[in-house]
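Both of the next two complexes hold subunit A, though its partner changes from subunit B to subunit C.
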Partner chain A sequence: MISTILNQYRATASVVAVLAVIILLELLGFRSAIYPSLLPAFEWIKYSTPIGVIGTTYGSIYATVEALHLISMATIGGLVLATDLRLLNVVLRDTPSETIVEGTYKVFKVALVVAVLTGIFCAAGVADKVYYMPVFWIKMGVLAAGSVFMIFFKQPLLSGVPHSEISPWSIRLLAVTSILIWFTVAATGRWIGFS
Partner chain B sequence: MINELLLQFGHWMEAQEYSQMLVSGYYSYNWVEAIHVLTLMVSIGSLFVIDFRMMGWLLPNVPATTIAHRLHKPMIIGFVIMFITGALLVYAKPVETIQSLWFRIKMVLLLLAFINAWIFNARLKAAEGTWDNDPVAPKNLRSGAIISIVLWCSVVTMGRYIPYDWVDCANTSNTTILWAAGCVDQLNAL
Partner chain C sequence: MSKLKNMGDKELAAVTAASVILFAVVSHWVLEAISTVELLELAYGSFKLFNNPLVF
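Now for the complex of A and B:
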């Protein structure tokens, strides 16, 4: 019976399991134990790797990569809005939502890879600063959650099945969650600059 | 002459009570700047979806004018918020911004982007119904889309350069840069 339920609600069970592991690790003090040991790695990234050295030495290159990061985030934003506002029946109502979901995903993945690569470069140049910023760690957490959500939950749930067969509330929940996640990633990224 | 007038205008704005309030309030300035940057995702993000469709990189099986018309409204809302917050950012630091070379280049690029958008819309209207279901737009619309992508990427890049002081009035003695950036006092001192 348990295996039947688990098979039926595999995605939900996975989320619950991941959340349970995170809570358990937090209760066992895993984060507090590992956090100090990460500082040498952050200092090494800034002072000993090519990306860290280029980022700290050449301001114009750093600013240009920052701009590329913003452009890739803007592209992600446009794709997320077009897809999720369609799922919420706000825009593109005369186009099947299945077509929009399938058609935007490939470019979304490219934009996400560019955003992550340029983001690593930007963080490397100020690695010893971002290490101490809670907002940086929040951004990393939300970014990881967003990537997992998109690749393992939202896209598999919405692909290969007519959306009319999925509960409208599930679709709305997926769309709202997606918009919230990606705007939180962008907002926390902006706040790193102010911290 | 134009540089002197712009600088006078900048000093006048800087003396305004609300300008000082905006720049001295740490969170007020940051919030305006954050909104300005975040609306990029709505304005330029929607614009890129339209341009990518014209290039055939995105949703080639959806009629191009459908994408352009349906995303027009969110894109315009995004641009309006971006321009209001952008104007507030200039109002908060008028002298510094008016004498920024990057800001001036950004304004020229913005003007070019709007001329390109106007031409693009006219071409889109003229060609409506002739190619709508083709996966790639006609050549004149594709060139408009690629120019739009390049111009807006450059606008974002110039915007990102503004806080850096590489060619600030105090950091350069090149007369061409001083003139282009409107560094009136430094030019008079030469």
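Now for the complex of A and C:
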């Protein structure tokens, strides 16, 4: 009986298992145990790697890469708003949501890769500063959760079947969650700049 | 209930992940709002956005 349900709902069981592992690790104090050991890695990135040295030495290069980071984040924001507001039936109603979901995801993947690569460069230049910022870790957590959510859950569901076959409330939930995720990533990113 | 019964594995997994992430993100912003109000009360004695004599 249980094995039948687990076979039928393998993906859902995996999500529950991953959540259980995360909760267990948190209860065991894993995060606070490894946090101090990360400081040498952050200092090494800033002082001993080419990206850290370039980021701290050449302001013009840092500003250029940061501009690319902001442009890629703005692209992600625009794509997310276009896709999710269409899923919520707010904008672009004359275009099928399947078409928009497919079209925007191709650009989203590129923008996400650019945002992550330029973000690593930007963080390397101030690695010993961001290490102590809770808001930096919140951004990383939401970015990781958001990327996993988009790539492994939202997109496979929305590109796999016609949207009329999915519950409207599921689509609304995915759209609202997606908007909030990327809003939080953008807001915490700017918060890092003002901390 | 019948809708939930018809929900496939992919949809249920996506809905579960979305619910957990949504709860976490909303909790984060609610806690930030509470700590901001506490900070304002600490600074000005009371949380008053308008007609606060200390804010111009």
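Everything below uses one rule, namely that the second predicted complex is superposed on the first by the 188 of 195 C-alpha atoms of A that agree within 3 Å, B and C clash if a C-alpha of one lies under 4 Å from a C-alpha of the other, contacts with A are read in each partner's own complex, and residues count from 1 in each chain.
Criterion: a residue touches a chain if its C-beta (ideal position, glycine included) is under 8 Å from a C-beta of that chain, and two chains touch if they have at least 3 such contacts.
Just so it is clear, the model here is predicted, and its values are computed rather than measured.
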item: Combined model on subunit A: subunit C and subunit B, fit or clash; value: fit
item: Partner chain in contact with A:Thr56 - subunit B first, subunit C second, else both or neither; value: neither
item: Which superposed partner A:Asp94 touches (first subunit B, second subunit C, both, neither); value: first
item: Which superposed partner A:Pro156 touches (first subunit B, second subunit C, both, neither); value: second
item: Partner chain(s) touched by A:Ala67 [first = subunit B, second = subunit C, both, neither]; value: first
item: First (subunit B), second (subunit C), both or neither touched by A:Ser147; value: neither
item: Angle at subunit A between subunit B and subunit C, C-alpha centres, nearest 10 degrees; value: 90
item: First (subunit B), second (subunit C), both or neither touched by A:Ala82; value: first
item: Superposition-derived minimum Cα distance between subunit C and subunit B (Å); value: 6
item: Contact residues common to both interfaces of subunit A (with subunit B and with subunit C); value: none
item: List of subunit C residues in touch with subunit A within their complex; value: 3, 7, 9-22, 24-26, 28-29
item: Residues of subunit A defined as touching subunit B within the complex; value: 59-60, 63-64, 66-67, 70-71, 73-82, 85, 91-95, 99-100, 103-104, 107, 182-183, 186-187, 190-191, 194
item: For the subunit A and subunit C complex, residues of the former touching the latter; value: 8-12, 14-16, 19, 138, 142, 145-146, 148-149, 153-154, 156-157, 160, 166-167, 169-170, 173-174, 176-177, 180-181, 184
item: Subunit A partner contacts - residues on subunit B that touch it in the complex; value: 30, 33-34, 37-38, 40-42, 44-49, 52, 57-62, 66-67, 70-71, 73-74, 153, 156-157, 159-161, 164, 166
